[in-house]
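Please see the structure below; I have some questions.
Lettered A, B and C in written order, each chain numbered from 1.
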């Protein structure tokens, strides 16, 4: 798919006050005394690819994990396709999901790709791709298998469909994990440092797959250290510093003229 | 050497093997059910259930199985309500049922600790991935947590089950003529304990080795993901060495 | 409530029975149980370290002997081993005495019950201790052994200065488990007539017809013995691994 098409796909979603694919408002989270997220907001429309950058400890992974409630945020709102995830006050005073069914339904729409792949090690690659669609989305198994094979061909590991994850390279596992996420037909894809656990020579194959997803107009939130991906592929870059949004903007602009001292230093450290 | 004596001893002891296996099988099976209950109590997050399970494990692991057996067989019949109960009395006056009960209660304590350890050892990432894909709790448990935990529990659990084979010998202390009881009787009648006990010992050893083999095979079946990938596996011997 | 009445009955008679001499019996039982356990552990430690060394040796024959030992004595019912040593011992002693003519052809020389019991339980304990020692040795960081060799230490020096202290440290938790196992196994040698706790409880239960009381008491006393040994072994673990604790 060409870049023009991607741009066309993006412009197809009307700008402004429409329903955002995902919107987060004023999210806060502390671990003990340490405040990791100090009120972070974000809005992604259909087709947006938002790269979330920041040094380690900036809270970027926690932010992503708070969106699908793998971590429970202390406060803040998450809306997926306009639907608010309802929270209630738990017995210990912290907030918790009001309706776990709703959370499960929302999570199924927010397929996540993990840093350490987290493919289910006792299932073959094909079984990994079929498990959630059949059991969570209740789709017919034959249909899921067909789609799974097509996805595996697309990410280039169809030959390994009957392998168990420990028998594959990191790059292959991560491509399988991306295919597993795609098998859910998610509205938004969450990538949690998808290339950080890979040997340098395997990073390229995973980035190529992610780039092709961006080009076909997928909505993606990507926590990453890959400056090239952030600059060339994403539609927006969000830079977190000490639990706050330090800067946010168009990648070309951001990288050409860093708006803040922190971001300037951050990219300078990377270019060294 | 008097090979006829050996053969007839082995044959007599072997005739008691079905009884030994019966005690073993029922003890292990009932124990497994109780152990699952205890594990669930420990993991459920209910304080009361957790304390009960802890106390249970403490008591049954901390005292000898023989004491537990005597307490059930000789001790409980002290209660009038036990002797007059139409349900309890037929069970508690029968040495066979009492042995099975004592073994089940005992192995449940050890097994529940094994299962608890295995559940805790399931990698967090595997469960998180299931959560992130929207799997409800029970589906997550059935598809991800349980298969992984079972595989992790298997080696320790097979050891526990072999300990239970050995424990069946205690049935002879409450007049059951299983293999140990039979060997005891022959030894008394002939006053040739070394020969008789050696015969029984060989049978117990073979029994335990076969059980260990069986478990090794189950372990092999359950762990294709820990074996080398398909194209290499032809050169690997299928059953790993155990015991 | 029949149950409650029964229980109260039992409790009120409990004191009388214990005061009438059964209490002292049980106390003697405890000391014999501890004696059996300690001696068995020592026998087991000696055999266990030899067997562990055999299992780790480069000689195939020794390894086979070591493997067989642990397989057999962990795979057989404890009761069978105890009978084998007690009655088997009697068979051997009697045979020897008869053939030397020191006793008549119908006389019997009994195996001393304490000796027979302690040998059996000690040998079983040895099989489990061998596994503990072997595991500890394998857990020693290979680099430390290489370093010892690189500094020109002799085999004996390496054993005394590097291997021994580390094996002991790593073995403490495992030995704690074996100790509890051995306490529980010691209950089985009541069949040979050693007046340890199980046999004392047995005698008391049979002659007073208060089985529940005495078996429950025995159970509690075993629990006390196994559970007070836990903090002792934890303390030992802290002591032997003091160089590994980060100073505060």
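Methods note: contacts are C-beta pairs under 8 Å (C-beta built on N, C-alpha and C of every residue); 3 or more make two chains touch, one makes a residue touch a chain.
Since the model is a prediction, treat every value here as computed from it, not as a measurement.
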Category of the chain touch graph - line, ring, star, complete, other: line
Farthest chain (mean CA position) relative to subunit A: C
Chain pair with the most C-beta contacts: B-C
Innermost chain by mean C-alpha position: B
Intercentroid distance (Cα basis), subunit C paired with subunit B, Å: 22
Centre-of-Cα separation between subunit B and subunit A, whole angstrom: 46
Whole-Å gap between the CA centroids of subunit A and subunit C: 58
Overlap residues in subunit B, where contacts from two or more other chains coincide: none
List of subunit B residues in touch with subunit A within their complex: 123, 125-126, 128-137, 139, 143-144, 147-148, 151, 224-226, 228-230
Contacting residues of subunit C [partner subunit B, same complex]: 2-3, 6, 10, 71-72, 75-80, 83-84, 87-88, 90-92, 180, 183-185, 187-188, 190-191, 198, 201-202, 205, 210-213, 215-216, 218-219, 222-223, 226-227
Residue numbers on subunit A that touch subunit B, as the complex places them: 68, 70, 100-101, 103-112, 114, 116, 118-123, 131-132, 135-136, 162-167, 180, 184, 190
For the subunit B and subunit C complex, residues of the former touching the latter: 58-59, 61-68, 70-71, 74-81, 162, 165-170, 172-173, 180, 183-184, 187, 191-194, 197-198, 200-201, 204-205, 208-209, 243
